[in-house]
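Order of writing sets the labels: A, B and C. Residues in every chain begin at 1.
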Amino acid sequence: MKEWDSMKVASSKFKLIGTLLFLALPCLSFAAWNMDFQPGNTLLAHDIRELHVIVMVICVIIFVGVFAFMFYAIFKHRKSVGHQAANFHENTTVEIIWTVIPFFILAGLAWPATETLLAMRDTSTPDMTIKATGYQWKWGYEYLDEGIQFYSTLATPQEQINGTEKKTENYLLEVDNPVVVPVGKKVRVLTTANDVLHAWYVPALAVKQDAVPGFIRDTWFKAEETGVFRGQCAELCGKLHGFMPIVVHVVTQEDYDIWVSEQKNKVASRHIGGKDELVAGAN
Amino acid sequence: MEAAHAHDDSHDHAPSGLMRYVTTTNHKDIGTMYLWFSFTMFLVGGVMALTIRAELFQPGLQLVRPEFFNTMTTLHGLVMVFGAIMPAFVGFANWQIPLMIGAPDMAFPRMNNWSFWLLPPAAILLVGSLFAPGGGPGAGWTLYAPLTVQQGMGMDLTIFAIHILGMSSIMGSINIVTTILNMRAPGMTLMKMPLFVWTWLITAYLLIAVMPVLAGAVTMTLTDRHFGTHFFNPAGGGDPVMFQHIFWFFGHPEVYIIAIPAFGVVSQVLPAFSRKPLFGYPSMVYATASIAILSFLVWAHHMYTVGMPVEAQLYYMFATMLIAVPTGVKVFNWVATMWKGSLTFETPMLFAIGFLFLFTLGGFTGLVLSVVPVDVQLHDTYYVVAHFHYVMVAGALFSAFAGVYFWLPKWIGKMYDEKLGKIHFWLSIVFFNVAFFPQHFLGLAGMPRRIPDYSLQFVDFNMISSIGAFGFGLSQVFFLYVLLKAIKYGEKAPQRPWEGADTLEWTHLPSPAPYHSFEKAPQVK
Amino acid sequence: MSSQTGGYYLPAPSHWPIVGSIGIFFLALGAVLMMNDGGATATVVLTTGAAIITYMMFGWFGTVIRESESGKYNEQVDVSYRWAMGWFIFSEVMFFACFFGALFYMRVLSLPWLAEADTQALLWPDFQNTWPISGPGLSEKFTPMGAWGIPAFNTLLLLSSGVTVTWAHWALKKEKRAQLIWGLLATVLLGVVFLGFQVYEYAHAYKDLNLTLEQGAYGATFYMLTGFHGFHVTIGTIMLIVMLLRSIYGHFTPRNHFAFEAVSWYWHFVDVVWLGLFVVVYWL
């Protein structure tokens, strides 16, 4: 009688868990289970991903190694299996080994990291230069060689944000005026801001650069393929920090030239992010 | 954590009831108050975290306005760091340091009282800022200028709260340093001190060194806001990035201020339940000291994207990576302590093992972040959020849980319910990982932190994370139940409930520890 | 507790800390209200806070003095005070280091950056960096504070005050009470004169030199550093006055006078900070 009861309890537990798991299944199919960087579109993005893989491999190996010991001890050296405690508490040799070896592992890691970093920070000889100015809460762009200027603001309708309308694919990642650049060209981006800190962040281009009011900072990218690449402001800048995306259209040189001539026809009325604005903002 | 009234305090006409706690100069009373204060603030900060997680359960704005979301993030960070975790470990220090070194009390009992009683006014100012015109501070717990300069009156309240918290920390630390250096029982040489005491000596040193720097930083913010200075305004020759340098000169040591006492607790618990002395005691001491020294030299790893000269980035990257070496020494020593022990798995031990496992995981993600090019992708994304919750929640908070379960019998003279303790552990560790592991993926895929709404590629992991967060929160309500049950109905604890525990409080004092202990200093062999 | 357990004095429960906490709460709240145009309420809250704190200081320090004079503190307590004062001064050093750091950062890093490369070309076209300067976005002119007038004289004052406290300390150790009192009196006077000059200098700077707190990098660091220093001199002077009064009452013995020593440590610390100030704020 008793046995039967507990079996019933157990089986109902199984049923419950089973049902839950079954219900959870559809999640899997809907989900964009992205567990990695966004696919990169620059050489640097690939380098960074590789670097990340190297660090992860080192970490996982050490992690598994260390905790293999720990779990071995947990299972074999437990009191309940009658293990008697040893009394050692020092061993200079192993202590030196486990101080020195990690040091060399890290030195090995530092090498590729340094190489990538130096490449990343080399903004010399760009093919073109764009100045990106962060505002609360939009971006202003200025193509320094072409004299093109425009603002770029979130294009997602408020109704989608409030939930009164269905959210569309590029929810929060769409703007009225995207940045347009030619493929395969080294684009140098100068960042600055007009009010508070912002950061110009486009994951697929492996670019994140803080925009500091009053200072010009620079970064660069060279897109490998055409396409639309989306990012967001990545430095807390107040109320609408989550709502000032960055969209970069990478196009062929021909399309770019067409775009440029179109833009030049629109008269740029305002100098973006200059001294006057800053001083006005300062007082 | 109620300190039991002992038989021998009838002679000093101490006030009773509430006034006993308000005026007390007893390290045990003060330790108890610190711990309850800390737990209260943990719940307050936790409710804020749940507000964040509830808003992030789905994309779109449902529950709160964006500016209120920013306030929640900011206050959650500040409340947890300054209100929950730091006071928790100061509570441990107050209770345990005198007991572990055989001192009659702290060196300055009256000042000790003040260190505690500065916390409630600071907390009122900080949390009360929510009700100030213009709302609470919304610039993140890092208080980056010039956003802070734009904010309303709530920011001023926050700044003064930080000043008061700083005073409290500095006085508390001076007290701890003095107690440790001057009040040890005869024979208790520095290298015989329990490791917990060592970690606090080092932590207190860090606190005295960096809290004044934070005070200076927020003072400059205050004068920029109200008195026309231009510290963080380039029009006047200042630089917003200067705030970050000063803040992180405080901030990076701060994260070790949180971590190092946690190391100390774990270094007491692991040997006790392994029934084996701590492996490599001297190297543990040296490793802790090295971590503390290095922590002054790496601050700009929080600022890889501000556009520092590349040489500076290289330096900070190398220096940061170096911290993995002494931290590794500690991890290896802990595992070696367990190796060939005679292990049992009571709740404190479970939390200590949980700490060891997950803190190391969080340390490794720290290492990932220390590599500049990788950090440039991950900075200010949820990867960072995941990293620091692993080291601060599964690290510091779990260690604090381990400490509470470990010393509770000594504090209240009663045992907690072992079964419930274990349930608390398993709930915590499972829900913790459900809440925070997916955040790594969110960060890798590029979800920025401090946003109230997100694009559709981040939907699933956010939902899982929010479910985990609510589960974790409920598990902590359960912890409160375990505590209250122990205080009310717990079985009487023997003097030394843990077979392997061998520090003075277990070997020389009954449970609960009498109100005045070590009036005559014990002789340490 | 008041019983000397194991010889180390453990004070009885005390209400001074909570009084202090309440005072600080009002002080902070009052200050916040003041800065946000709180009007009369702000003044009331602020003064209440200040009054409570003052009351607490008298009460608390009075208690400590009575305990000390009735011989409750043994040598171990004395050592505790020494450690504590040392570490406290260390925390003060770090506080000043923060502002010296800010000065260094602006002079050596951010101002040159503002006048360099793209930052200058695109944002601050005509900006030339020459110290002392306010900043690229501020147009009002000001005259920097020269080093060799009042500041040099103030240096002299503070240095001599360092000598006079030490002279007083020697006297205390040799039980020459008259010399102790004269030495302290001289130190207090030097401190007060120093402060007087400082006030005069500020007035002069605001009136004649147009050197204000709003004058960018130079103005901010000048006033914050000298201001916090002056504040510390004020505290130090008050503490010296207390020591003077206690000496007149006949407190302190050649063996038991750490209060005096602590104040003189503090005074020397303030002195050293001034030397740093004189060199990097006024001179260079």
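Please note the rule applied: contacts are C-beta pairs under 8 Å (C-beta built on N, C-alpha and C of every residue); 3 or more make two chains touch, one makes a residue touch a chain.
It should be emphasised that the depicted structure is a prediction, and the values quoted were computed from it without experimental measurement.
> Name the graph shape formed by the protein chains and their touching pairs; answer line, ring, star, complete or other.
complete
> Sort the other chains by how far their Cα centres are from that of subunit C and give me the top one.
Looking at centroid distances, A is the chain farthest away.
> Would you say A-B or A-C is joined by more C-beta pairs in contact?
Counting C-beta pairs in contact for A-C and A-B gives the edge to A-B.
> How far is the middle of subunit B from the middle of subunit C, if each middle is the mean of its Cα atoms, in Å?
31
> Measuring from the mean C-alpha position of subunit A to the mean C-alpha position of subunit C, what distance in angstrom results?
Each chain's C-alpha centroid was found; their separation is 46 Å.
> Between subunit A and subunit B, what distance separates the C-alpha centroids? Give it in angstrom.
From the centre of subunit A to the centre of subunit B is 28 Å.
> What are the residues of subunit C that contact at least two other chains?
Each of 113-114, 136-137 in subunit C touches at least two other chains.
> Two or more other chains touching the same residue: where does that happen in subunit A?
214-215, 218, 278-279, 282
> Could you list the positions in subunit B whose residues touch two or more of the other chains?
Residues 230, 233-236, 239, 241 of subunit B touch two or more partner chains.
> Spell out the residues on subunit B that touch subunit C in their complex, using ranges where they run on.
Contact set of subunit B toward subunit C: 9, 11-12, 14-15, 19-20, 22-26, 104-105, 107-111, 113-114, 117-118, 120-121, 124-125, 133, 153, 156-157, 160-161, 163-164, 167, 170, 173-175, 177-178, 181-183, 208-213, 215-217, 219-220, 222-223, 225-231, 233-239, 241-242, 245-246, 249, 516, 518-521.
> Which residues of subunit C touch subunit B in the complex?
1-3, 5-6, 8, 10-18, 20-22, 24-25, 28-29, 31-32, 35-36, 60, 76, 79-80, 83-84, 87-88, 90-92, 94-95, 97-99, 101-102, 105-106, 109-111, 113-114, 133-138, 212-220, 223-224
> Once bound in the complex, which stretches of subunit A touch subunit B?
Contacts found on subunit A: 27, 30-38, 44, 47-48, 51-52, 55-56, 59, 62-63, 66-67, 69-70, 73-74, 77-80, 83-91, 94-95, 98-99, 102-103, 106, 109-110, 113-114, 116-118, 120-121, 160-163, 167, 169-173, 191, 195-197, 199, 201, 203, 206-210, 212-215, 217-218, 230-243, 278-279, 282-283.
> Which positions of subunit A touch subunit C when the two form their complex?
The contact residues of subunit A facing subunit C are 131, 190, 192, 214-216, 218, 273-275, 278-279, 282.
> Which residues of subunit C touch subunit A in the complex?
113-114, 117-119, 122-125, 136-137
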